[in-house]
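Given below, in the form of structure tokens, are the structures.
First chain A sits with chain B, and in the next complex the same chain sits with chain C.
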Partner chain A sequence: MSETKAPVVPDPKKPGNDLFKSITQGPGLVSVLGVIVALVIGGLLIAVTDEKVGETAAYLFARPSDFFSALWSAGTESYVALFNGSIYNSSQGFAPLLETLTVSTPLICAGLGVALAFRAGMFNIGAQGQLIIGATMAAYVGFAWHLPVVVHLLLVIVFGLLGGALWGGLVGLLKARTGAHEVILTIMFNYVALYLLDFLMNTEAFRRPGETNPISPILDANAVFPALPGSRLHLGFLMAVLLTMGVAWLLNRSTIGFEFRAVGHNPHAAQTAGVNVARSTILAMAFAGALAGAAGVAQVAGTEKVLTAGVAGSLGFDAITVALLGRSTPWGTFFAGLLFGAFRAGAVNMQITTGTPIDIVLVVQSLIVLFIAAPPLVKAIFGLNRKKKRASATESTQAGAK
Partner chain B sequence: MTTTVPSKSAISVLPSKKTPIIFSVLAVIVLVSFGLLGNSQTASFSLSSAGDAFSLPDLVFPGRASNIVIGVLLAALAAYSWMLRSKGRVLPVWSVAVGAVLFVLAFLIWVVSGANINSISLASLLAGGVVLAVPLVFGSLSGVLSERSGVVNIAIEGQLLGGAFTAAIVASVTQNAFAGLIAAGLAGAVVSLVLALFSIKYLVNQIIVGVVLNVLVSGITGFLFTTVMQEDPQLYNSPVHLPTIAIPGLSAIPVIGPILFKQSVIGYLMYIAVFLVWFGLYKTRWGLRVRAVGEHPKAADTLGIKVNRTRFWNVTLGGIVAGIGGSFFTLVAIDSFTKEISGGRGFIALAAVIFGRWNPIGAFAAALLFGFADNLQVMLTIIGTPVPSQFMAMMPYLVTIFAVAGLVGRSRGPAAVGDPYVKE
Partner chain C sequence: MKLELRGISKAFGSFYANKDIDLVVDDAEIHCLLGENGAGKSTLMNVLYGLYQPTEGQILLDGKPVAFNGPGDAMAAGIGMVHQHFMLIPVFTVAENIALGAEATKGPGVLDLQVTRKKIREISDRYGFDVDPDALVEDLPVGVQQRVEIIKALVREAKVLILDEPTAVLTPQETDELLEIMRQLKANGTSIVFISHKLREVRAVSDVITVIRRGRVIDSVGAETSTTELANLMVGRAVELNLNKEPATPGAARFQVRGLSVVNDLGATSLDSVSFDIHEGEILAVAGVQGNGQTELTEAILGTQPVAAGSISLDGIELVGKSVKQVLRAGVGFVPEDRSVHGLVSEFTIEENLILDLYDRPPFARGISMNLDVMRKNAAAQISDFDVRTDNQLNPASSLSGGNQQKVVMARELSRDLKLFIASQPTRGVDVGSIEFLHRRIVAERDKGTPVMIVSTELDEVMELADRIAVLYKGRVNGIVPGNTSREVLGLMMAGVSAEEAFAQADFATSANEPVEAQPVPLETTEHTDTQEGEAQ
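Right after this comes the complex of A and B.
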């Protein structure tokens, strides 16, 4: 979002394969409006299913004010609870904010992985699988080896990144060598990783002694991120910040990053210009996988401190929405991760205080992405493209002619 | 099936080393691990089940000896394929099919003879596999319909889930399973309308829409499950089930009877749907147009075919089909709706589309294979084999990876799939 190319006017009428351009260069206003529309629809969904709203709807015409105040309070109460649980509330002060940062950490890391692959022209749906393999390797190093302080944690991180890089790089290799589509490959690799972890969790090497449930031993004290006293926030967040800076540097300042972006824009032109497209593909997927692996490290060495079969949750899929909301820029992804982390953290409080199920977060999250991906729709909702309508008619006739 | 798939997809397989190498590897695996190192006990497969008109004898194979024989046969096949390759000729398709069947047989003999109970009911293995394949078949038909017209359909999972949810709630409230079935089709259509709207009108990348739709449907159904269904499960989540119809006489034929003539309404619909989609796509003018739109939209447009309209209706039709398939979960298989009831089967259906090479019959066969593998995994757990069930569960995904990577014949989609069409 802080990129200098932001002012470039996007062309929403272009075919979807210019998605990468439209994601990276879309206007900020549409993002904000998209988030607002999604929140309003989510609020309506909460309100419509609210019991009190249903009761007052029965005498809607007799006393409409009751109905609308019930509608308003049902929708807003949930969001207030969400805010209280994610940022600030009067009893705990800003303590919930720390929880938001904790929850954001893996989202940011995995989101960066998806974003990086996007910029290289690839759709990485495999963050889930890469995260699982990364978490598995990191956790194994964390509980099976016993090493001195600092060294142990570093090795946990390295192996987590390696695991993810391996799983992602394999997809890159298959794509580069055989031309197989990375979307299909990553979806399939997700499930393979899931079952592999499920299998490992039932082996002696991974299961905690004396435990019948598939849960690993707790990681060594030396192998986990130091946490801020009184909260779950751990140094993994710093890792997320550093990785964001790293990816920003990689994409904008390094030769490899330049090649990634060149391939992402037009692989044929990149090839002609002397870029090794196959190498870029493999490297980009490996880097993307490593970032997802870092999310796995944040989970097992930070938040959870154990490995379970459900270590990935829905993180890998949330990461896609994070990257899309962040328009695939490193810092955009960072802030999108914070936003969705706040949703996640706040949703727990919301479920406790107002009984609104956590699933509403999924709804809002996916609506946000849908709206942001279709700027014309958001503009139509707010009546912003009245002027453009005439223009777009001529524009669409010219779009293919270029 | 073996003859239709290659002739329709018209993929020219250049004589590559891959197939001979795979045959050789399989021959070695069967000969050494299943045969020589295999178990000497017998494996018996029973063909008859309780309600059959007459009973067939059990098939009994001596474990080690039969696998050595099969291994030798596979080795012969491998030698044959090397020979053909050296002459620059393409391997006939029947040989691939024979190789696959031999390998599966060897695998079955190996696991069953090594298990705690050395017998398995082949009849229920097949019949159960077909039942498990029902939602996969519907899902893959949805994928075929949509992708043949050039729209990537990652949202099969969401269509199945939406169908399952709507079927449950409508069949509960109306106390009519057929109302649930129709509502499921409509729900699938609604999901695909969003896909069509965003990908065709707003030109959003089709993969993004698909991925996000899956999350959206999962969120909405999960939300309504908690806020509506769980408030009053008696009213909202106790769907009436569709009846299982056994055709008198025919359903008593061993092995085939339960598969073809003792199905739920959705099961029969499945066979009809596969035939209709195949017939429609390959034998009618409509189908020719759809395929033209998927392969070369500009050429189709030049001939006066409305590209985006065709795509719109195809995606919608696919949604209806997948929605009906989703109702299988709540109207046939399970008593009530639960969160994520489709459990990733939409993605297996997607795998079936690819493995079946975007052909309805191929997708049907692939879905059956995956359903069969799913059921085999369950039954193997019961008889207690040394093979971890997780590896069986991985099979559909691994097979798909091999298929898209071109290790077992390159699987290639319609040329224009994923590209939105903007008229010049």
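Right after this comes the complex of A and C.
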């Protein structure tokens, strides 16, 4: 390990965003371990809230075996149900897996948007708003215009990406020009987007004729992604795969990605090397927004086929978790998106078969974020930082001395 | 007090920063620890000061073994340390800073600064420190802040004083004053451990010089040892200390700065109508104490610092108002003063850092698509050309030592055809062996005909490289003098004395055969510059 080599003298010149980097771009092992720990704790929560466990606990000392077997079965049965509902079960075969892919699609797209911003040194909380604007523009093109096959769908996608890019790019522009912080900006832009959509859903242009509820007309058949027969899985998933490949290329092989990463790690050095930091900031947020916009397209042109006020659900926020879990790498985000898609898809089955509330999945998701945000905690649980103890002990004495 | 280290080893993981170090510092002795950056000097002192626990070995004071669990123990035992970066609170007064951590009180929780003030005056009078106990630390010059640190140790009755690279932040005159203070302390019975890598000072003041290399004691020698010998011991091979560069053959003035002024964020003038030329095939060194406008000057040329007035032209092309990229494309090679902040993206690989400002032009990129293959080959070539010590070019730049990081920056900037080469502090924090190498590269660039500008606060470096020297003082060019100007004259000019006066004073001092004491800055000059500043604000 390299850190054991260097004497632990804190470098005062180091830029102060080390924590940001270690949380967003640390090693993948922490992600994997974080998921495992979160699942175990989630399992324990399921078990202790289980009715049967409660009953057996009453005579715990008389017959402890009852209690422990109830505990074990409550925990495992729920996860088995989760697996059955998200990947494979004997009656439906692999049909649940298709559902998982469907649910994952917007998570992956929006997650990529957050991850790309992370790599450019920005915390994009605004995937939600960018997704909403993207979905709104895509849906409008989808139901208001009537165009030939292929062309219509392409335009829907383009407008969806543009909508998100606009919403993200505005944040980048404000940050680059005025120095406003992107976290505040994106949070506020989320509200603006949310209530703008609420407003639009009550206008003639967006509300379905003859309908009093805020729901748009159904998108043209030409404007939606073709679906796999017998499932909800649509071509939008292919779009997510292509976008993942695209982001991977952009970040690792293109000059634009090189600039993003340079600015993300050290804007001073980037500026000294001739990178236009303002332009890079705006561009990175626009790209991030476009990716979140793609998630909006996947929702309106794939899964839902209509625009509603609740089109975004909590996708934009789950995307942050997905990007964090994926360590802000394109393919990491892709697989993290799949995992979260599986949680969402399987949770329904879990509630039906075992009575475990869907909310437990949210608990597990939150625990994952918690463990990613506190890598030393996970490492401590698995005893990974024993070697560093001596070094950190001297560090703390030194810190104390100062 | 006699201090003895016996067989001290300090390991970090499997890496030994110190290995079997034996060291004896006698009563009233100035003992110098000489070694390159990363040789383990500071680690050893941190062990002695109780910041680190030794892995093996013993510390003895007057023959009795002691164990320190922290600086508090070390201080109680009579060991004081002045760190390279001062541990002072700028908004506190001198007395408050000195009292901090060992406050005298009258009644519980009630400070009694009077006691501290008295002690400060005593010490200040005894050694001629001239420190006002009620001055705010932030208002004091760096040299005086350092004395505050020394007083802090003396108030705590230090018998052994550790000075960690104390001259790194001082002007030549302040350095001479410090050396004088060290002699006085010694005369009063204080032992001093003096850490440095500057051979001149070390020889001037030390009784014994212990050379440390890669965590081991190489040799202990007397002050009469020659600089070349000391450098060889330090580096472990023969080092050529003198560049023996050919005299410059300057051509036409290709780089011209005229009336350049920069106003900082607070509205103060940090560069005040600076004008100079650099000729083809010439090295102009910009000397000066840190913070006299050097940073602003280089940044203004690069284009990261807004220019208030004036012009900068390279081969007749105006650079003011151009973007950084345009300036670089115009053929300017730029080595920033702080490589870790401005020169490198430390998380990037060495490969990536070697093209940090070349990434978007052929052959490294076509359109927006980068050619990673060319990047790799370029890195391999540069690494072998500049002898960058690494086992893998895919390692992050942060894994390299300071000297090797600087080689990466230099390699990158010198790898393209240049019309002007600017290097700020080209060898700060770089070991002696690499300094020689980097200096040769800079001279080689000059010999190719490129105008070269070196900004350095190290007088040795300025005198080594310069064909002409421009001295910056409070944002103004305080004279441009030939490259062979004496250390004394340059020192005076760096303190604000005009070139003519500096030459006159230095002549007088040499003829009177007296050591050059710190010259009080002539009143006229100070007043003059003060009004300048006042006007700017």
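The definition used in the following text is that the second predicted complex is superposed on the first by the 368 of 402 C-alpha atoms of A that agree within 3 Å, B and C clash if a C-alpha of one lies under 4 Å from a C-alpha of the other, contacts with A are read in each partner's own complex, and residues count from 1 in each chain.
One rule holds in what follows: a residue touches a chain if its C-beta (ideal position, glycine included) is under 8 Å from a C-beta of that chain, and two chains touch if they have at least 3 such contacts.
Values in this document were obtained by computation on a predicted structure and should not be read as measured data.
A.B. asks: For A:Ser366, using the defined touch cut-off, is the partner it touches chain B, chain C, both, or neither? Pick first, second, both or neither.
C.D. replies: A:Ser366 contacts chain B only, not chain C.
A.B. asks: One more residue to check, A:Asn276. First (chain B), second (chain C), both or neither?
C.D. replies: A:Asn276 sits against chain C, while chain B stays out of touch.
A.B. asks: Give one of first, second, both or neither to describe whether A:Val192 is in contact with chain B, with chain C, with both, or with none.
C.D. replies: The answer is first: A:Val192 touches chain B but not chain C.
A.B. asks: Is A:Pro357 touching anything from chain B or chain C once the two structures are fitted on A? First, second, both or neither.
C.D. replies: After superposing on A, A:Pro357 lies in contact with chain B but is clear of chain C.
A.B. asks: Would you sort A:Leu162 into first (chain B), second (chain C), both or neither based on which partner it touches?
C.D. replies: neither
A.B. asks: Once chain A of both complexes is superposed, is A:Arg253 in touch with chain B (first), chain C (second), both, or neither?
C.D. replies: second
A.B. asks: What is the contact status of A:His268 with respect to chain B (first) and chain C (second): first, second, both, or neither?
C.D. replies: After superposing on A, A:His268 lies in contact with chain C but is clear of chain B.
A.B. asks: Under the stated touch criterion, name the partner, chain B or chain C, that contacts more residues in chain A.
C.D. replies: B
A.B. asks: Just to be sure I read the superposition right, which of the two partners does A:Ile320 touch: chain B = first, chain C = second, or both, or neither?
C.D. replies: After superposition on chain A, A:Ile320 lies in contact with chain B alone.
A.B. asks: Taking the contacts chain A makes with chain B in one complex and with chain C in the other, which residues are shared?
C.D. replies: Shared contact residues on chain A (touching chain B in one complex, chain C in the other): 12-15, 397, 400-401.
A.B. asks: Within their complex, state which residues of chain C touch chain A.
C.D. replies: 12-15, 17, 42-43, 46, 50-53, 69-72, 85, 87, 302, 304, 323-325, 327-329, 334, 336, 338, 340-348, 352, 356-357, 359-360, 365, 368-370, 372, 399
A.B. asks: Could you list, by residue number, the parts of chain B that touch chain A in their complex?
C.D. replies: Touching chain A from chain B are residues 152, 154, 194, 198-199, 202-209, 211-216, 218-220, 222-228, 231, 339, 344, 347, 350-351, 354, 388, 390-391, 393-394, 397-398, 400-401, 404-406, 410, 418-420, 422-424.
A.B. asks: Which of the residues in chain A end up touching chain C in this complex?
C.D. replies: 1-2, 4-9, 11-15, 21, 253-256, 258-259, 261-262, 265-266, 268-276, 387, 391, 394, 397-398, 400-402
A.B. asks: For chain A, which residues count as touching chain B in their complex?
C.D. replies: 12-17, 19, 45, 49, 51, 123, 125, 174, 177-181, 183-185, 187-189, 191-192, 195-196, 198-199, 202, 317, 320-321, 324, 356-357, 359-363, 365-367, 369-370, 373-374, 376-377, 396-397, 399-401
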